[in-house]
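My questions all concern the structure below.
Every chain is named by a letter (A, B, C, D, E and F) in the order it is written, and numbering of its residues begins at 1.
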Amino acid sequence: MSAAILLQAVISAAPDQHLIDIGIRLALIGMGTVFIGLVILSFSLPLIKRIAEGKKTKKVSENTDSMPEDITTDEIIAITTAIHAHFMKINQMEDMKLTWEMYERPYSPWRIAGRSKLMLDRAAFRQRNRSR
Amino acid sequence: MTLASSLLSALTANTGELNLSDISFASYLGDSGFGQVEIGNIIMIIMGIVMIYLAIKKDYEPLLLVPIGFGIIAGNMPYNPDLIPIGYLDVLGGQQSVFKMFYFGVSSGLFPPLIFLGIGAMTDFSALLSNPKLLLLGAAAQIGIFITLLGSLFLGFNMQEAAAIGIIGGADGPTAIFVASQMAPHLLGAIAIAAYSYMGLVPVIQPPIMRLLTTDEERKRRMKPTRHVSTTEKILFPIIAFFITAFIAPGAITLLGMLFFGNLLKESGVTRRLADSAQGSLNNIVVILLGFSVGTSTQAKYFLTTDSIKIFVLGAISFAIATAGGVLFAKFMNLFLKGDNKLNPLVGAAGVSAVPDAARVVEVEGRKYDKSNHLLMHAMAPNVAGVIGSAIAAGVLLSMVPH
Amino acid sequence: MTLASSLLSALTANTGELNLSDISFASYLGDSGFGQVEIGNIIMIIMGIVMIYLAIKKDYEPLLLVPIGFGIIAGNMPYNPDLIPIGYLDVLGGQQSVFKMFYFGVSSGLFPPLIFLGIGAMTDFSALLSNPKLLLLGAAAQIGIFITLLGSLFLGFNMQEAAAIGIIGGADGPTAIFVASQMAPHLLGAIAIAAYSYMGLVPVIQPPIMRLLTTDEERKRRMKPTRHVSTTEKILFPIIAFFITAFIAPGAITLLGMLFFGNLLKESGVTRRLADSAQGSLNNIVVILLGFSVGTSTQAKYFLTTDSIKIFVLGAISFAIATAGGVLFAKFMNLFLKGDNKLNPLVGAAGVSAVPDAARVVEVEGRKYDKSNHLLMHAMAPNVAGVIGSAIAAGVLLSMVPH
Amino acid sequence: MSAAILLQAVISAAPDQHLIDIGIRLALIGMGTVFIGLVILSFSLPLIKRIAEGKKTKKVSENTDSMPEDITTDEIIAITTAIHAHFMKINQMEDMKLTWEMYERPYSPWRIAGRSKLMLDRAAFRQRNRSR
Amino acid sequence: MTLASSLLSALTANTGELNLSDISFASYLGDSGFGQVEIGNIIMIIMGIVMIYLAIKKDYEPLLLVPIGFGIIAGNMPYNPDLIPIGYLDVLGGQQSVFKMFYFGVSSGLFPPLIFLGIGAMTDFSALLSNPKLLLLGAAAQIGIFITLLGSLFLGFNMQEAAAIGIIGGADGPTAIFVASQMAPHLLGAIAIAAYSYMGLVPVIQPPIMRLLTTDEERKRRMKPTRHVSTTEKILFPIIAFFITAFIAPGAITLLGMLFFGNLLKESGVTRRLADSAQGSLNNIVVILLGFSVGTSTQAKYFLTTDSIKIFVLGAISFAIATAGGVLFAKFMNLFLKGDNKLNPLVGAAGVSAVPDAARVVEVEGRKYDKSNHLLMHAMAPNVAGVIGSAIAAGVLLSMVPH
Amino acid sequence: MSAAILLQAVISAAPDQHLIDIGIRLALIGMGTVFIGLVILSFSLPLIKRIAEGKKTKKVSENTDSMPEDITTDEIIAITTAIHAHFMKINQMEDMKLTWEMYERPYSPWRIAGRSKLMLDRAAFRQRNRSR
């Protein structure tokens, strides 16, 4: 039932492999973009709240500290990293990595991923404390 | 009948030259429904009646299915196209049929953004603002779009067609119509009918999948109440959300621009009368004409093809996958969430869009297992996120697939 | 004035090349109303003022006569068409005049079906459902259409023109405009003005004919009260009625489709907001633009012709014949009816359409002879049947007469 | 004042006899279609009532018997037959009959007319009884 | 970015021919906002946000500035025009962008007369009817138009452009758009934004000028109460006023015809439902689309030019001159008026149009010096006269300047 | 700050004198037309009132006498004449007079101006009386 299995099934039986290959890439980029878009949007929501409350926006790292009840940012990063890695495993990983490296400095999603890896640990730690 | 037709098309050719012998009750009957009817028309008309029946009796998306249903009937009434321009593609002697003029709003892509304007002006994004992580469910459910795209390629559609068919999985009628009008106009009728039919059938399609993929304990889980959202947040949201989503998916600027514009008119507090018309009379007028036009575009001779059947099959699958995607992703998120932050995975099903029907289905399902557990407000967050998500997906396809 | 005109059209030709000597108060006055006015314009403007007067003072169809009346005034204000595109046919330097863009809704045949949508959404067909035999009166009154068609041929109009003029006898403005726009666009203004004027004058035209053809006893006759009609009947009616009438007269699919679609929106009970806009804001907007456009299309230079005079004479006759046809047919039906099934023949006059004015005239006339005899509900049945009947007649002409 | 007399007047004075002939045919077919359309519609109304009431639709012959208070069907047929015959007398009767015979089997209006002739007698009989 | 663009435009050229290597996240990013953004877009987007802020926080003409502001944001979101038609001028593969279709209402000149219809249907001309001499203030303030016209010529614009820019001084958005659409379509965006911005800023621009040109005593002067105006007067006014103004300035027939038509619908008393829609839903729909379209037409690459800057400077000057013209002319009139007929010169400032903001500014200023002195009703007369006055000025320019 | 001074400033500095000349003419005709239009409209308002009151419209000269409280007509004429003369002084006076003379009989604004000159005196006289 997983998306990966379905994809493989489709690929193996496909009549025009070239088109299917492009389709898979499109699907990966599309699904990735949807996730990135909505993740950034979900990041922006606490920011909107902050602006609305008239407070100065502090640095993100402080943010999370000052809002102990709002752990969504960390959680979201954790989840996103996982889903991201999941999609990446399926297909032309190296190929894409290569392409991304060209753009790494200004927009690389890897930097977010890397940073979120760290946060994942921190978030997990903090959650354990809270859930006691 | 062929005789009568050829006689009269000869007549038409010599405009103004009338022959006494051509004017008879017999030739008139030949051009009336009695002479022109075909089995395909009857099938489609029955389909239209069934849609109207479901809309009225079962309350399945009546605002869409009644206009579409009657449009199907009107578009499939038999007539002789050599004599009178009636059908949605007819032009005769330089005069377009009225149905063709109505249909322009669909084929040009004009109506969907206007519908989005109305949706924006009637949507309250509070649920989403108060619970950002539920946005991810709206992303997850879009897997239906891309799996369907691959399935369509597999069934022999080309890339443009596959992209347009895929969007059915977004469970968002206007988005599906918008993409189809740009990418595969010849499939627009089937795609629109499939999208709206399955949106109407959400209360039928989703529950079994939701039950299959969840445990009893999960279905009973309660979620933390949502927080209060200030007016300023609501005003800032459409502007910032538009900025982010449009930056990431420029192909969605038209749809998302109108969605968030409508929402700003609603939330600004100083443009009440504009918001009222955007979600009121303008929306109603567009819904009437869009639904009716989509209906008339199902003329049997263009509509009853194997492509249409494939599209209906793919559409059903895509709704099922989207629902499963949302539910499973909620369970996946629960792996990272603790205590009362854990989600009731039923809420994931609302990620498909189909606002607000999918959210209502979640509420109804949830209460089947715990009468006092209200999931509606929680489901609204992925529900509206699903609209944004499928618009982004549409934007990606519109800008990546040459058309 | 000719000098000033030619000077300035020369000016226009060399866009951007302005001569100091051409810019003077004198040349400006030559191009203003003072220099451009003609006697025909004045006649038409007075006609427009009379229409507005009748609408406001006498309450004759004000929703139509006020827009048409003001449209006539606006369409006949003098100006120099070489300098500015204002009139309903003007195009200058590729830019259409605004009045031409408004008029597109008329000339394309787009507005009449939208009006029918609104009529459908505001019409209650109960009266008709409870008394099927009164439908025949709505058929009988259409004799006015066909006699007028023959009269038009007799006066030298060709077949297309005669068909369009005939429809005036249907006492149905949108139908007349729709047929004229397809069959004889050059007569559209005169036909539309005649149709709406006589519809406004129904309270003046009909009573003498009704009195002439009935006895005192007949006018006092009471009719059996109508029965209650269930919601389900009202929902089924638009679908079945559309099926039957569209099958018999496919040329009327566009008009009847919208009429019955509007009615289904009203009666379905689940699309209230669509019905509200169909008969509310959408209808109002179309009525404003249609009335005004029809008015502007009476520019003296195109309108003041012998053809227009003939059309007005034929129109008056056709209303008289239609009324007589309805009344006499009611008397004819009484030959076959017994006891309290017998009809009050005044009710036949409502068969001409002109909803609901003709029905109101029947009520008023009936109460002149018996103060407690209310015929309104009985008259509504032939009244709405008359709308269907003239749409069918229009459909026959549209599909039989090549155009 | 009758339509027939007016028609004759128009025909006799007409300048282009050919066009007038076509016009008369058009008028006859048009008026006939309007009547047929509205007659069929009026027939359908009791049917709609029946469907709405949830009853099974019985055969038409039984219908009329089971609804003694609703005599409109018969009356309408009687009236229609008369008006039909009236129009037919005016003009090229044979010519049209000929044309119609080609189509007789599936849609012939003559069958309705013939049937209604029978019903006319029955209706007249029943009405006489009721009006006592 | 240039590489990505050229790769993908090559892709577009071979529609249907997709290369695997072209489909990558990198190329997608290149076409997204990240790859396409330019500094001009950011400037414009900030301007849009400022407009929305002013509209919401300061209540400056929010019905216009919110749609325009969001339109600016939507129109300046970065995208790759070789892939998707989004901008207000884009056509790709024969498909117009939706924003271009919206913009048609502006570029064709269709929207402004519809706005005038709505203004007419909501304006009460009583104030003007009860105090005819205040009409002259509405004439005097139009000096702003003609001085600006001369200033524009002086800054190097051609005659057509100068005429269109001049109309900004009329302080009437729809009139400015109408004239610009006919005379200088390439400047329409800048002219419309300038006109609406300064109309929004009337409470900022006018007071200092009003204070500068008046004495304390003048500002405290009270005016005679207005007389009661009968219904018949109100009905006659739109017809007679249209006749006079259209005769004198035929170029204004379209605008003034719709204005007085709307007013007749309001005052006739028998067309209430038409007036309601004219000033309600129709007006709202047009305001939404017009504002948004004007906003989208400020795409940085067309908008950020020295011409736009000149237009903004000229616009500010023209508002100042118009205000001064009105105030000074009131003082000039006082030379001929005696006793309590003398005018409070503040009222002259309302002659610029900008209904009803300018009149409200007069009220506020007046009450600063005498809390119980209500000038609003007196200011409404020159205010509505200013609308008529600038339409006449527009009419003169439209018929005298070849375009 | 007066309009005339501004106009002169613009004219003296203008780069294309021909265009500026046309512009000035346009401005004069335009401003004149705006004033004439609104003046005629303001004249019509008492007339509208009269019609609305159902009275027969008497001659204009009697009008002003019979409505002592409504002195606007005279005042407006006075004001208009003044503003008219003001504009005329600015520029090509003779030139325009010449053109206007061609049209003098039917529409000449001079006739209005001439008549209003007379009225100006009368109005001034009456106002002096009233303001006592």
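In the analysis below, contacts are C-beta pairs under 8 Å (C-beta built on N, C-alpha and C of every residue); 3 or more make two chains touch, one makes a residue touch a chain.
Note that the coordinates shown come from a computational prediction; the quantities given were computed from them, not determined experimentally.
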Least step count from chain B to chain F, where 1 means the two chains touch: 2
Could you tell me which chains make contact with chain C and chain E both? B, F
Greatest Cα-centre separation from chain C belongs to chain A
Chain whose average C-alpha position is farthest from chain B's own: F
How much rotation, in degrees rounded to the nearest 5, is required to superimpose chain A onto chain F on the basis of Cα coordinates? 120
Calculate how many whole Å lie between the centre of chain B and the centre of chain D, each centre taken as the average of the chain's C-alpha atoms. 46
Rounded Å distance between chain B and chain C, as computed from the means of their C-alpha atoms: 37
What whole-number Å value describes the gap between the mean CA coordinates of chain A and chain C? 63
Residue list for chain D, restricted to those that touch at least two other chains: 19, 22, 26, 29, 33
Where in chain B do residues touch two or more other chains at once? 18, 23, 28, 34, 158-159, 248-249, 280-281, 396, 400-401
Which two-chain combinations touch? A-B, A-E, B-C, B-D, B-E, C-D, C-E, C-F, E-F
Within their complex, chain A touches chain E through residues 18-19, 21-22, 25-26, 29, 32-33, 95-96, 99-100, 102-103, 106-107
Which of the residues in chain D come into contact with chain C in the complex? 1, 3, 6-7, 10, 13-16, 19-20, 22-24, 26-27, 29-31, 33-49, 51-53, 71-72, 75-76, 78-80, 82-83, 123-124, 127-128, 130-131
Interfacial residue positions of chain B with respect to chain A in the complex: 128-129, 131-133, 135-136, 138-140, 142-143, 145-147, 149-151, 153-154, 156, 158-159, 162-163, 230, 232-233, 236-237, 240-241, 244-245, 248-249, 321, 324-325, 329, 332-333, 336-339, 341, 385, 388-389, 392-393, 396-397, 400-401
In the complex with chain F, residue positions of chain C that touch it: 18, 20, 23-30, 34
Sort out for me which residues of chain B touch chain C in the complex. 11-12, 14-18, 23, 28, 31-34, 36-37, 45, 49, 52, 55-56, 59, 62-63, 66-67, 70-71, 73-74, 77-80, 83-84, 86, 93, 95-99, 101, 280-281, 284-285, 287-288, 292
